[in-house]
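Next come two complexes, and both contain chain A; in the first it sits with chain B, in the second with chain C.
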Partner chain A sequence: MPDTNQVSTDPLRNEAPVTALDRAPPEAPTRARALLRTIEPYLYLLPALLLVGGLLLYSVAHTFAISFTDWDLITPPRFVGLKNYIDAVRDPTFTRSFTNTLVWTGGSLLLPVAGGLLLAVVLERIPGQRILKTLIYLPAILSTTVVAAIWSYVYTNNGVLNETLRWVGLEALARPWLVFAPTNTLAMIVASSWRALGPSMVLFLVGLQTIPPELIEAAKIDGAGERILFWRIKLPLLRPITAIVVIMSVIGSFMTFDLVWVMTQGGPGRSSETLAVTMYRQAFIMWRMGYAGAVAVILSTIVIAFSIFYLRATLKRSAL
Partner chain B sequence: MIKRWSIRQLALERYLALALLCLFTTVWVTPLAIVALSSMKTPIEQSQSGILALPENAAMILDNIASASELAGIGNGLLSSLLYAFVGSATAVIAASSAAYSIAMLKIRFPFFWFLIIYSGTIFPFQMYLMPLFGLYQSVDLYDTRFGMLLFYSAIAVPFCIFVFRNYFIGLQGEVIEAASLDGASSFQTYLRVVLPMAKTAALFLFVTQFSWIWNDFLFGQVLAKSDDVRPVMTSLATLSGTYGKGTIPQQMAGALTASIPTLILFFALQKHFMQGLILNTAGE
Partner chain C sequence: MNRNGIVFLRQLSALLLIAALLLGGSIAAQDDPAMIDWANDAAWHEAGQDAVGEASLDATGIGVNTVIFTSTDSYQAAVRGALPTEDAFPLFDWWFGYRMKDLVDAGLLADVTDIWQTHIDNGGYPASMMGSFGFDGRAYGLPKMINYWIVFYNAHIFAEHSLEVPSTWDELMAVAETLKSNGVTPFGLDVVGCRWCSFIWFEEMMVRADPALYQSLMTGETAYNDPQVVAIMEQWRDLLDAGYFSQPGDFSDNWEEPFVNGDFGMYLIGDWWTGSLERAGFVAGEDYGVFVMPGITEAGNRSLIIEGRPLLIAANSPQLDVALEFADYFMSVEGQTIWAETSEINSPNLLAPEETRPGHLVDLANAVANGEYELYTRYWEATPPQIVEQVVDLLGQFVLDPAALQTVLDGAEQIAQDYWASAGGE
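Presenting the complex of A and B:
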C-alpha cells in the first residue's frame, strides 16, 4: 500500500535528467505543472496517513462507537446508550479486574521503578558496572511471551521455585503460585519486573550521569553522608527522569495483557484478570463487543490522562 | 587519621556492595541458564534430575525444537515473524521518513496538524484497535493472511518513527535546503540523495527497535491470524506455554530459546542502538 504511492511519484522524477549542470532552465509553468507543484509535497504524507488513518485511527473511532451498542458480531449492532458503561461499573468481575490493575500499577512502581533507582545508585559507583548492567538488562530483550513461558515453569507445582524452596528446607513455603488470588497476581508482577527492571535502571543511570560531579564533591566536603546525598541531592535532581519512568510504568501496567494471558488467561475463575484481559475475554471469547468496547474506552481514558502528564514531562525535558 | 579511616571504610563498603550486586545478578540471570539447561533434556530427565543438573545429551535440544515446531508451528512462526519484522519495519521507516520529510522540509499547509494526526497513533492502548481490525480484516479477506499482518505491523510502527524523523529533520532543515537548492535538485531527489543518507543513523536505530517490537508481538498475532502458516512466532509459542499450554517443559523452553535468538543476536550486535533507543523512547512513546 505505501509502496505503490512511493513508486507512483517515482517516474516523474526519473525521466528528468539528473545533475544540476545539464538541467534545462525552468520552463514556463503550465497549469498542470503548477497543480502538481502544490500537490506533490502531500504525496509524501500519503503512505503514512493511509496506514495510520486507515487502520489505527479508524479503529479508535469505531471502538468508541461500538461501546454504545449491543453487538455480537452476527446480528447488527443495536444502540443502547451508556448501558455497557453502567453494566461494567456494576459488574463485580470488572471491579476485581480494575483492582488487579491497580495492584499491578503499585507493584510495578515498587519493584522495577524503586528497585531500578536503588540499583542505579549502587551500581553507579561500582567498578565493572558495564557487565553487571548488561546482565541485568538481558531479560528486557526477551518478549513478554518468552518471559511468561519461563516464569510459568518457575511457578508450576514441581517448578523451579517450589523445588528450590524444598531444597533449602523451606518446604512450608512451597505452594501453587498461580492458583489463588492475590498470590497469582503478585507472582506475575514479579515475573514482569524481571523484564522491566533493566530499562528503568539504565534510565536512572543516564539521569545520574547528568548530575554535575562538582555538586556531589561540594556536598561531600560539607560532610554530607551517602543518605543525605541521595535524598537531598540525587533524588531531587533526578526528578524529570523519575517522572518519565513512573508515568511509563503506570501506562505499561494499565496495558498489561500478554503476560497474564499466556500464564493464567486471567484465571482461575477470572481471579487474575486485568482490564486489558477483561476486554479481550469479553470481545473474543464471549463476543460481547459493546461491553468490550466500553472497557477499552475506560482503559484508554486512564492511559491518555497519564500520557498527557507524560508528554508534559518530556516536553519540559526537551526544552532544557 | 580520620580521613584515611573513612577512605578505607568507603573501599570496604564498595566491595561489600560489589559482592552483593554480583550475587543479585547471578540470581537474576539464573532463569536464563535454566531455560538453556531444560531445553536440552528429555521430559523424563527434566522431571527427575535437579533443575541445575547438566543435561545428559545436549543434542536433545534439536529434538525438542523439532517436536515443539511440529506441535505448535514454531518453525513456520519463525519464518513469518522474520518476514513481518523485516518488511514491516522497513515499510514503516520509508513511509515515516517520507512523511516527516514533507512535514519538516516541504511547503505544506498545517504541518503540525499532519504530524499530530500521524503521531496520535502512539497514544491509544492496543485494546482500541482489536475489534475493528478483526471485523475489517474478516470483511475484506485480510484475516489470517501474511499481507494483512504486514500491513498492520507497518502501520503500528509508523507513529513512533515519524516522531523521531521529524525531530531529526527539523534539526537538519537549513543545511539540506541549502545544499539542494544549490544544485537545483527536485524534491524527490533531495529526499533520496540528501535527506535519507543523512538520516541513516536514525533509520537504522528505528529499524532495529521496530524489528524487535514486531518480532516480540503476541497480541495482534493472536487476534488477526489463526493458522500455523500465518501466525507470528510468539503467538505460536504461547500455545505451548503457560497454565493452558500443550507442550512439555523441555519443548516450551526450547521454543522460548529459539524464538529469542534473533533479538538476542540483534542486541549483542547493536547494543549501543538498543540503549540509545531506550533513551529516545522516553522522549517518544
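Presenting the complex of A and C:
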C-alpha cells in the first residue's frame, strides 16, 4: 500500500510537490489552507508587533496614565486628575519652552529644509558637486554631543565665531552667543542645522533624480527658464520628498533635547529650554513624573496632530 | 542487564547527581563570601571602591561589586525606582542634606547613627559632621567624600602683583581691585556652561555676612526678599558691577584652563578641584594656593561651606545586615586609609594618616577637627531641591543681569513659599 504521506519528488514535474494535504477531500482542507494563507502574513509580523506593542504602546499607555498622577518614583502614584495639565498650561516656563520649541520648528524648516532644497538644486548642476556634497554631509556622521561640544567652543566669548568677527572688523556683532535669549536658541538652531543640512540635501537630491528627464526636456522646449522649471516642475514633483523632510524636521525640532542639554541645559535661567528639556527636567531632576508625563502627552499630541494634518493635506494635493 | 536493572541504575545516577549538586552547592555557599552591590555614578570612584572591597573581603569576609552608571540622571532614576523594592542596591552613593530627605521620609534608608557614634567616640570624626548626614539627630548616610568650599588662587598671578593671601574682607577686596586694575579678572564664575554654579557666591556671601540668616533662609524661616538678604545680595551685586567676575560665556565648562592661563586670579569652589588642577599640571604650593574666604562680619569668619557625598544603605535590601557591617569597616581607619590611598579622595577620618591627603588641605582638616569653623551645608543640599532647582536658574539670571536683583529675590521667595506651603513642605 502506498504511503499517502510521501511527498512526490518527481524532478520532471515543474510544480510544487504534492502532499497528502493536496490529495485530501477538497472542502475542509481548502478552508484551512485559506485561513492559513490569510493569517500567515500576520504571523510573520507578530514578533515585530509584540516588540512594538511591548516597548512603544505600553510606554505610551503608561506615560498617559501617570500624567494624571503625582509620582516621585519612591512613593506610590497618587491620582490628581488634570492637575498636571493645568499646572503645565499655567506655568510660565512651560509657555517659554513651548515658544522656544516653535522657534526651533521655524528654524528647522527654514535652515535644514529650505537650505537643503536650495543646496540640492544648486549642487545638481555645478562641477565638483561630489566633493561639496560629501563636505556638507560630513557633520551628519557626528553624534549630537560632539556637535554640541564643537559649537560650544565656537560660541564662547573668545571662540572661533567672535574672533572671526573681530578679525574681519565686525566687532560690533561679537557677543556671548549662548547667554541671552533668543540669541542662544537661534545659535543652537544654527548648530543643529549644520548637522541636519546634509541629510535633507541628500533626500532632495534623490527626489530630483526621480523626476523624468522627458518632463524637463518638454518644459525646456516650451521655453521654460530655470525659475519656471524650479517652481512649476521640480518643486511640485518633489512634494512627496518635501513632505518627508518637513515631517522629519518638525518631529525632530519638537523632540530637540540632547543638543540643548549639552550646550546650555536649557539655561541660563531656563531661557533656552524646549518642551523636551522641560519634560526631562521635571522627570529626572524634579522627580515630578506626572507633570513630565503631561508634558510628554501634550508634546506627542501636537506632533501627531501636525503629522496627520500635514500628510493629509500634502497627499491630497499630490493626488490632485 | 534487564530493563529493570537499567531503570534502577538511571535512578541511582540521578539521585547521586542531585546529591552531588546539593552538597557542592552547600560547600560553595559556605565558601562564597558575602558580596554586595555598591552603585554610584562616579566612574573615578571605581578603583577606590574595588580596593576597599578587596580589603574588606580579607578583613570581614564582605566584598563589594562596584556598579557604575555613566549618567547621573539615569543613575538617580534607577536607584529611586529600585529603592522601594527588594531589588534596591544595598550600598549606593547619593547627595546629602535635603537631597536625601525624601528617601529618609519614605523610610527607605537604614539608620546609621550607631555606626557614626562608634567612630565619633573613637575620635575618627568630628561630632558636628554627623548633622549634615541626617535629620533630627539621626544619621542616614556615611561620609564617602567630605569637601570644603575654599578659594583657589593662582600663585604666579599673586606673585606678579605682589599680593598676599587676604585675611580680612577688606584685604580680599583690595586684592580684587589690584587684579582688576592690572587687567586680570579677580574671580572666575561660569553660569552658562555650569547652571548650578550660580549658587556658589550666593551661599558664600550669605555665610560670610550672616550665617544664622543663611540657616533660617534654608529652612524657610527667612524670606529670600527679606531686607537683610537683599542687603547682602546688594554687596554681591556691587562686586558684579565692579567687574570683579569673568563675563558670561568667557569659558565653556572648563575652569582649569583659564585659571592655569591666569585669565582670572581666584576661583571659589569645592576642594575637590585640587584633583582637576593636578591633572592639568598645576601643583599645589607652587602654582596655586588655597584660603578660606574671610568673613564680611566677625560671625562670617568662622563659617565654612561643607559638601558631602554620603554612602547610603537601602532599608529594603535583603543584604541590609551585611551592608551595615561593611559600612562600619568603611568608616574605620583601615577602610578610610585604603579608600584615601586608592581613590585620590581625602578621607574625613581624622585618624587616617596625614600623607593620604594633599598637604595644602591638612591644615584645613585639622582646623575643622579643632572646632575652628562652623560647618554650613552647601546650598545645593541645604534646602529642598524643589526650591534649589528653580532658584539656581533665577540666580543665574541675576549674574547675567544684576539689575534684576529684586525681581530675582521676589521670584525665589515665591518658589520657596509655594514649596513650604505645599503638602511636601514642613
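Keep in mind that, in the parts below, the second predicted complex is superposed on the first by the 248 of 320 C-alpha atoms of A that agree within 3 Å, B and C clash if a C-alpha of one lies under 4 Å from a C-alpha of the other, contacts with A are read in each partner's own complex, and residues count from 1 in each chain.
Going forward, a residue touches a chain if its C-beta (ideal position, glycine included) is under 8 Å from a C-beta of that chain, and two chains touch if they have at least 3 such contacts.
Quick caveat: nothing in here was measured; it's all calculated off a predicted structure.
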Partner chain(s) touched by A:F284 [first = chain B, second = chain C, both, neither]
both
On the A-aligned overlay, A:L229 touches which partner chain: chain B = first, chain C = second, or both, or neither?
neither
A:G267 contacts which: chain B (first), chain C (second), both, neither?
both
Give one of first, second, both or neither to describe whether A:P47 is in contact with chain B, with chain C, with both, or with none.
first
Who does A:F180 touch here: chain B (first), chain C (second), both, or neither?
second
Looking at the overlay, does A:Y153 come into contact with chain B only (first), chain C only (second), both, or neither?
both
Which holds for A:V80: it touches chain B only (first), chain C only (second), both, or neither?
neither
Interface residues of chain A shared by chain B and chain C, listed 73, 152-153, 156, 158, 178, 264-265, 267, 280, 283-284
Which residues, counting only chain C, touch chain A once they are in their complex?
73-74, 76-77, 80-81, 83-84, 102-103, 106, 108, 191-193, 195, 198, 247-253, 385-386, 389, 393-394, 396-397, 399-400
Touching residues (chain side chain A, partner chain B) in the complex
1-3, 6, 9-10, 12-13, 16, 18-20, 23, 40-42, 44-45, 47-49, 51-60, 62-64, 66, 73, 119, 122-123, 125-128, 132, 134-136, 138-139, 141-146, 148-154, 156, 158, 160, 163-164, 178, 194, 199, 202-203, 206, 241, 244-245, 248, 254-255, 257-258, 261-265, 267, 276, 279-280, 283-284, 289, 292-293, 295-297, 299-300, 303-304, 307, 314, 317-318
Listed in rising order, chain A residues that touch chain C in their complex are 72-75, 152-153, 155-159, 176-180, 264-265, 267-271, 280-281, 283-287
Can you name the residues of chain B that touch chain A in the complex?
14, 17-18, 21-22, 25, 28-29, 31-32, 34-35, 38, 47, 50-51, 91-92, 94-96, 98-99, 101-103, 106-108, 114, 117-118, 120-121, 123-136, 151-152, 154-156, 158-159, 162, 182-189, 191, 212, 215-219, 222-223, 234-235, 237-238, 240-245, 249, 252-253, 255-256, 259-260, 263-264, 267, 271, 274-275, 278-279, 282-284
